[in-house]
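Letters are used for the chains, namely A, B, C and D, taken in the order the chains are written, and counting of residues starts over at 1 for each.
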């Protein structure tokens, strides 16, 4: 097969995209008319993709309006969701109707950190331990050095994890409205290079990443110590609303929650909820997030209570919600439009966006749990999801 | 805010999509010109989305060509990847060049199962145990009943998990070329309804799902017993190639692997690899997969050895790769084109597609690990990922 | 330091024990009078220890009587507990009083299996997969071969787990009244040696254990698929009893359970209970079990409900309870006496013993949870646990 | 069955122990002669046990001598091990011979903390977050208050973990030479009572423990952040010694380590080693530790390398080693003798003891891994473990 054509001077053009499509079509026989249909100038794409050849057109619907009583997100929102899974938008919309009638969803971002975790290997555990002490004592200098490479990234603290003669330093940054993975890589590397220069006995090298960040996959360290935002959404649902809209009761929902807790504990699941990933993924695609972060962001914790009044307190906590409203794919044409619909694009929007995501996840959890309990799950998919074989 | 308009008779039209966009724009002030730019008739969308209003245009590039020596995938492939993360396509392409020069990637699908896991609650553990025995004894009848609702789904076996007075039945189906989540929901429910009718003492109800499937999130039960396909990709890289293309050595890559294994073990990570999710997500968006399944599909296991000849054996195993080449979003316009590029669309394509995904993941693992070891990671992102703040 | 003296002909004598104590005392200055005080003939010890030099005298108290309505354990029991932790026996006794007044504890052993899991490594994943199929097809022959080495061990089934080019076979045996770890090692090795002789392409060797058993440590595979016995204990407590004896209410206990579930889920704990290990360890030491199996046996699952009548349904499930009433340390003098107190020593006793352990664990869970909720935990330790510095 | 007799004035006497044995014998028919044989005055037992009736006599052997190059443990040690598992002492002794000839084991305690983790529940996540900030700001006052109840316990730091409207405070103390579980309970409760008095809005109550400590069970939070001591043992073994004593090679041991790593990762095991629990348990029983802490202490991490010279670097890291040389059962007659053999009893001994435990674990890991690789595992148990049925 041919190498794909590239233009070293200006690769982000209609012409180069077309040349690549032509090569692919010539070699495979596959038409690429739809892939080649897009509404923007490829010149906006450097930094977002290589070998640009067209677009995936992912169907997009709006769910809602959803009512949020957040610290940043206050009011009603149409939530953009890009998906090909029938029932999804309808199901989230149902949860939004329920929570809106209940007075809205309270949302709070309770933690914020993005990591890079280099590992340092020494002659023995003692040398690694001495290095750990040195890092504690020199935190301010390390922080100053790390922050030289970024205007928005701030080094918050460094966790240390040790095994054998190795020591991981888990650098925790806040990153403004960016997701920050590249920012923290660069800043951490810069600080590590400086450490190497300090003449610490036995320190000659480091490895910038070795699975303690942890990036693009779930880990307990992420759930415990937050990766991205830790966002909570809470609502209290009057029993009558649960009955009228969801055709079930707080008691039945609560019982299902107990079974689901035990199932999650025994199965070793990273989420005791039903399907955080569905809502998160649909919003991430629509809003220009790094969709691969669904890996971390799909972990989470549902917690509910029946109140003394017989109502249903329900909450979702997303411990590793990696989101951005600036940088990455947030400025791409359709993606920016969707962030604008939420009033989240750009500086100052990221906490608001995190809150809206958390509220959306809550709506989806309530809707799916109710459908299971009321035995409407399969029938609703028969109605809305007919594309199944 | 207004309710979004819906047409009960025919909601999948240009007009309805436009009406919804107009309402959203009117209420939020956000323009939706790009979202409203798509190249297909909304009439193809029932079963894929509700409240259709337009599309997310996700930039798409081709990586490769990649050489695969699979059981189904044999030959060279351009791999469609939809992403907004700079460096991603370039990095996977680098791994594809390396493995192609090494003779290609061997791929094998070693397991296949899609689940639904209802829970049954009894008076006590003994009644639950008796029910478990009944299920074992009546497997053939249950299987026959479950398969009444589907032509392609086959009930392979039922695992049982018990705690207290509860018993989960984890129904394992093969689903042909569909991902199968809806198929197995319907078939499992149908079989459970029949069980309820059999007059089993103490059995009056069931809950169709309670976190033992486990769907849209990672769990140990998924990693142990496969959800979707369990796919392995393997390659042996001559030391000289590693040096020439990746600027590192098998020994250095292997050492990094050891650190990464320890990091993953200590951090409690569901993947000891670097970034399975990046390649999987980009292919899932491009190829019409249920992208939320990145949650499960991002788990995995890297394993490597230095051969007696000093070369580098490297492998990736994806234990929960949820993929389809039929149904769901696979038939949407750009998505079908991308599956056609791989020659995977439709009946008979799903193992081939799983193999290509696994091979792609392997290329990304090799490329990122090499970049970290050779200290080219940050600099490559500075070159390709300039959209960062 | 001197080598410890050994008598190649007969090392299990008072004289040799004394000689070793004398050497240790001579080299370290430590007196060993108490260690040298034991009430039995060392001649009973071959197979239990090497370099025998005396005994650890662990204080032993009886808790109870405890009322059990098991399948095997029926009636009242004094439970022997060997411990040095003040409050422990008193706390378990309190739970036994509560459950006895509530009508006793229902116990059931719902699964039974002991494992050895050799790993087989092949040229590639395909060869490993072919081997897996061969094992399925030849299960009866493998079973017959494995059972040649044991009269009580029966090969129940073989689970398979695969990654890269490796395949673990997890042999599940039932072992009568023995714990069975050595029995299954020998039987599995024998079967594997036979497999090697069958001329399977690419199969030249195996490794008898590589962490998929998993022995002497917790794992998800153990919790999911049982190691030793899977034992459930259940009780329903009238609200008035909870108030009178525990000074709390079902509602408060249930609320504490909810918090503890969330704590366990977030912390990544292998047990959502409070202290299974306390009761299990004290019984294991008293009754001649392999105490190191506390590692597996300490995992478990509490599950509770408030009944429609306002009473408290509470249960404990121990998924990996490794116990024996024959072989190992069960026949040692004090240990056999303790098993005799329970009527469990020897053939036919192991399910009964497992049930009593599970019931005991349940009592301890109720007692500690109540103490925490009623704020009596610290004060009771001040009363009973004064040996703290 | 009769209630067990108790003397409210002085229950720790020969007479009362005998009375209880007589009741048990009368009710069950089981003789308790051996249980009633002990060499000390029951008057030493308050704070260690209730309903004292005699002792479990656990066979005790010495392994070694073992050569340790620790920070505290320096020189040769006979290691007391109480067990009924044949082969155990012999196997550890073999590892001690190997490591002694290799120049001894380097040991280091790299972290130290004992926890209690109360949970505080608020009206919503925001109130919980505000409380978290208050705790950070008032750490010094909280510390002063907590330390009022103890002379040796020092509050090091407080970790915070949050979900929904709950917040766990994980109090980390150093506890001198005590294990400290009771000490930290009392101190933490005292500090929490003080917090309640500070008029923090919405703070009316707390629960002293809810699974974030986590006590008597493994958890990821324990492995990540240390419970008790975090102890590392390291050794480098010349290839020739491995061959001569263990009948294998560094390469074969290393390959087995790779398989075991993958097995542990896939199985979801809390320890990638072979049998930490065996050595730890035997030492814990002999030396008066809280043996139930085997639950936490059995987790751990093996890490090995082949050095450029072809030798074998091997290490064990125990992240949650809960040990004491003062308080608890350490002062009991046989237990104190065993601690004296190691020169560890009392003030100042606990790090030394932790190092010796870690070194012992390392010896056991090397011995068992070698036996598996050299196929001597089953045969050695046939020789030494004949008590199996």
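We adopt the following convention: contacts are C-beta pairs under 8 Å (C-beta built on N, C-alpha and C of every residue); 3 or more make two chains touch, one makes a residue touch a chain.
Predicted model, so just to flag it, every value in this text is computed and none were measured.
At the interface between chain A and chain B, over half of the residue numbers involved are used by both copies, so each side presents largely the same positions. Across the two candidate interfaces, A-C and A-D, the one carrying more C-beta contacts is A-D.
Centre-to-centre, using mean CA coordinates, chain A is 38 Å away from chain D. As a whole-number value, the distance joining the C-alpha centres of chain A and chain B reads 17 Å. For chain A, residues touching at least two other chains, in rising order: 161, 163-164, 166, 220-221, 224, 261-262, 264, 266-268, 272, 301, 303. The touching residues of chain B, counted against chain C in their complex, run 71, 106, 108, 110-111, 124-126, 128-129, 132, 161-166, 220-221, 224, 230, 232, 234, 268, 301, 303, 315, 317, 319. Chain A meets chain C in the complex at residues 220, 223-224, 258, 261-262, 264-268, 272, 301, 303, 305.
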